């Protein structure tokens, strides 16, 4: 991410305090991102007193990103039968016992900030992106699952599905640098695997093939972009850097760095001579450039 | 809306108190609609004591439509970190400082009542339609956005997305007389513009084209009808009175008063000789009459 | 459901207490399922103290399935203006005055457990499946509708739509043995009818055809499977045992035991010689076996 | 209670619906009081829309006094760890299994209405008198105690002490026709017994004598009046119809129909020739008529 | 209040921003006090991030003392059946329609700050003093009472009694410049009148004399000090500047600027030659200086 | 405490698991008490399913006494503007950074269990005794006070005063082994000091003498017993092992191991030859044995 982009989001003199990217060697990415978030929240609390209470409660009163996120998730996901204090304990403990959970948080924050032009600040993502929050909560539920604490993992999945309308089975494995944009309606099945630096729009399904137990959900390679409403079913492989068009229904493997579109899905350029692209679509978030090559597409 | 239709929904003698439409010249549309809502709520509170507490809290104890709606939205959208009293203040102040917000409320109420046969009463829409409530809350968040109160606008967007599963960027511009039917999963991007008297079903996306900043979302003309699950991407124009079939994926402009269907979307009648219709589909809500002309459609 | 499958989910010695299926003649299916749920919850409470409070509150402190479900739904669906105690009263009274509501609960629990390989236990379904909970709450709202308590039925529909993102009109009629898998975004219109033993994935719409009042929504036969994101519009009939592919848009009748796929939807095998299958797809949950016969499908 | 007094509290025409006292033979006292409460609440809901929601939720939506009181107590005494639905269940079940609890409710309502000139209506007492509510909740906790459900009884005592600042041990036995006026700070120990038709002001202590287990708290006879701030300690007997002056400290038996005042307490008229009164002071609520006979009292 | 005292409470440089007392002629006392409160809250929010969310929500996000207090009281006094938004409306409307309510708020803030050495700041009083908050809420309930909105006034009294353990009948009239110190257990009857600049400690009762309707409660003159636990009963007059010792029981008039102590209460110096004092005891809060003249007092 | 007393409270076979007192040398008093509490809660959860959810949430799901207490206090003291998660953080951090806070908790638990015959178990005290909970929360507020975090300390004091009706200034110093029995209405001023092993009944005031800043509150020696409603004012000293009778008003020093009673208070036996006792009254909780020596006391 170019430092300039970040700095230009500053409004008024407070922005001058924002540290530049990349952080100096002496500083970790986590501490740099956390410093950014604090500076943004300070700036926003000053300019918008009506939001200051929320910003202090969720960000500015906390000593670390882990505590801030644990606090925010606990208050988002609690219910009258699952108390916020119980969830806070759970998140705090998970984050402190599994530092990789927090490095994934940082990677996702950088990914969202980098790829989504509507993301004005790290704190905006941390506080408001339901896709980001759902993924972080999923990682904790996955962590519980791997520790054989399955009933608790499933209860957490249920809260995420209720609150964010994002339904990810605790057993699903998800990489780092994930952008779940808008996120409503995303469904990810039990044996699905999502690589690193993947971007997934809302209403995307990574579903199974029936009632058979076993490995039955898609495997998504690194750098894949999946457009809104795409449905990918079965234990198939979406190759690295592939792009799945919005609304596509995909039931067979998609080769790397190709684009599949339509219902039923076809490769742009055809099965035998698919048009290969060099960029990583999850980075460019380019949803629509293929349309001149999409032979069926006529209006 | 024919007065008859409204009056026939009355149940029992209380309906006799419902004023007729159009209101007499001495009365504004707002006061007429508000009187309807009060009469409906009175009737329902009498016939259903279990609901009376809810109806008094949300409607019958308030002196105006603006207060009732502010109260209801505040209690719907509040969370443990964004108090209902804070949101109530925000909505009250927005409605009183921007009267056009309330005239849009009235126009939407009339639109829903007119177009949706499942809408039994104005109060049903005011209290229960998540699409209606999401749009009114969005208008306030848009109002904040235009006043450069962006962090608060984004926090409000986030609450709307959590509670109603409707995700509209605060910068998006939306006309009057809008019906967002069922509404779950609707996503509207930052530079999208929606005209007047538009009807949009659930799972509809007005999305962008990638990570480039700038004008990148669809422009929807007046009187357009967008079917369930349609995905419209990019800075394209859906012409006045056009109809987008359910599940369509649209990436190029659609001419006025034509129908686009399918994934990829095509014009009914073909690109060169599309079948033009005269009615406003957002009014007729006619989703399916084109099927005899849809050449690909075979079962 | 083979008893073995159930028993193998037991973890440790507590599983030994799980009764076998089918229940002995002296026991009803309801009491057998309830005993299962209690045993599962006991086992989970013992192995996971962090969840024990939740399990005691929702299951283990209750004398019957009806009370447990009424309690859980009341606490899920309550809001600051619709108190949990009010909803609890409503559910308790509905369940005790309409025993068929509880027999449908049991049938749905058996269906979910049988068909969904991700469903590890009855209690998991009872507590965590938003589709299951939405259907049970819908049945109560339908019960109110048939008693002409329409405003209360509509208020309940609204809460279900907010909390579970499942929007089922109270007038819609739904059979027994229903699996609403993942469920987010399901919309079912006023005059829709769903038969017995139907499986419906998320984002499925059973929608109307326009603003005309009257019978305008689909009729779904017994044993139908509807894939994720399918949109079925109008007063059409989906024949018994038919299968609707994910993402399909269906506007005309589908014959029994055939498969319709695509947007626009076509019958696999063609209109005149559709490939008929013998199994009940709602049982097998087989989403994808048709693809070798789907002539358009190429990647 | 003269019927006239009750009827004169009616405001406007709604009062005409209030039934007269005593009820006709065909009606129980409970149904008469409940009809009164409903009529009062209707009248108040009509004249005060801001309170109507509260009145419908707590009174007007309920079919019986028992349900209304169970609902109100559950919502008053609930906490984030003791859910209102759980308490509602508990109160409902106690009231239905022990009808004497409801007849005591009725007797107390009549007592408060009769004796307290500030009590404008039965519904005022039912909804707003913390002493009344504390006593009814205590009766349930006593009921649990006698069934050997001690931990639950003690948890309920704790909630009553937190919410109403009234601390009555579940084992204490309390008669009918009790007025606990203002009630804040009342403490009643484990082996205390309170007769029928007793009136007790706030800050009154019926305390023990030390750490010895056993019968160690006061026994209060029928018709006794205990003034504000009086402290009565030890297994002593306050005779029927006795009066204890405000602020008195009483450590020895008080004979029937005498008045004890002061710290240390003395009998008005002296130990050997105490002034006996004929009226029941708990009925007259006469706190101060003794002062002309109180020899120490000089200002 | 000497300006010095106020200024010396400042901690660090932020205190430099605190305006001096008395305010310049161009500024009202209300705006001066409000500026103080804002400055204090800013200082505290900066030095204590854990409290900043609370301080922004209750003070710093509000444009006026009236809104801040309305917000704080609404969130303190709300319950599951009396929503905070409803109470907020009520307080906002009362404060804006009755400016004298706010001038009484200011007078009380100055009184507490002046008289109570434990009161470190105006904001401490505004936010934390249950006696102060109870009195302000009572003034609103009294305002409702005088407008004949009695059921609402009584419901508000009940909430004040539950939350603050302060029970003041809505009809009681209370002057300005009141200090209710600690406040727990204070009871003030229907026909009581309290003058200006009165200081009342906790557990004080201004009670009635029995069940007779009519003027039956004490009248407290200006500048009176009533010690902890004092019980004053009947329609008697406590003369201007009188002092009532802690734990006293007073049943007859007390002359101005005299001291009554004990149970039964006697005048210090005797009935015929009482020791008169010149200072206003409510100002000096001098509870104990009389003891050398209290002939009975021996340890 | 005799081990026998504790063990005899066991009900049924679960009691067999209760460890004996004193703990073996290898075990700390804290771990022994915590084991007791867990065993009691297990026993109660088994015998009373309706309470099991509460017991798991507050006790059985926690790994230590500190976490259990922090959780319970946070959920007791939270409000809509002071979130439970914030308070939980505060208590957790205070307990872990100041181990003496937990050793005081243990000492108080042992004191209550030893001295109060109504205290059936340690868990009963931990969960239900408002005096115990108020003292523990006060210790945290005192800890904050000593760290110069005064606004937060005062906010916490305010919550304790609202929820438990116990008002202790954060600056007051309180020893270990404290029993605050019933507790409602206790007020302790800023410069008060309470020694070790003191027992204080409800409505007791340790108050100041006026508005002068400075050392102005009582100093209570070790082993003192203060009866219900006693008012002790000024910077006076209550000597070690002294006993203050219920309702007494004390304004001068009380010598060690003497008894002061009455209003005004006198020494039993007279000033010059007071009756000295050898036992520690705070241990025996003997409130009333002095009455045969109390010459004024006549009924």
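As written, the chain order gives the labels A, B, C, D, E and F, with residue 1 at the start of each chain.
What we mean here is this: contacts are C-beta pairs under 8 Å (C-beta built on N, C-alpha and C of every residue); 3 or more make two chains touch, one makes a residue touch a chain.
As the structure is a prediction and not an experimental result, all values here were calculated from the model.
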Next on the checklist: Considering only chains that satisfy the touch condition with subunit A, which of them also satisfy it with subunit D?
Outcome noted: B, C, E, F
Next on the checklist: What's the farthest chain from subunit B if centres are computed as the mean of the Cα atoms?
Outcome noted: F
Checklist entry - Quick one: subunit C and subunit E, Cα centre-to-centre, how many Å? => result 59
Item to check | Distance from the mean Cα position of subunit F to that of subunit A, given in whole angstrom | outcome: 50
Checklist entry - How many angstrom lie between the CA centroids of subunit D and subunit F, rounded to a whole number? => result 29
Checklist entry - Tell me, which residues of subunit B touch at least two other chains? => result 50, 53-54, 57, 61, 75, 80-81, 83-84, 86, 89, 165, 184-185, 203, 229, 247-248, 263
Checklist entry - Which bits of subunit C are touching subunit A when the two form their complex? => result 44, 47-48, 50-51, 53-55, 57-58, 72, 75-76, 78, 84, 114-118, 120, 124, 127-130, 163-165, 182, 184-185, 201-203, 227-229, 245-248, 261-263, 283-289, 291, 294, 296-299
Item to check | Of subunit F, residues touching subunit E in the complex | outcome: 79-83, 86, 89-90, 149-152, 154-155, 157-158, 161-162, 165, 167, 169, 184-185, 187, 189-190, 203, 205, 207-214, 216, 229, 231, 233-234, 247-254, 260, 263-267, 271
Item to check | subunit C partner contacts - residues on subunit D that touch it in the complex | outcome: 57, 61, 67, 71, 74-75, 83-86, 88-89
Checklist entry - How about subunit F: which of its residues touch subunit B in the complex? => result 80-81, 83
Checklist entry - Mind pulling up the subunit C residues that touch subunit F in the complex? => result 45, 49-50, 52-54, 56-57, 60-61
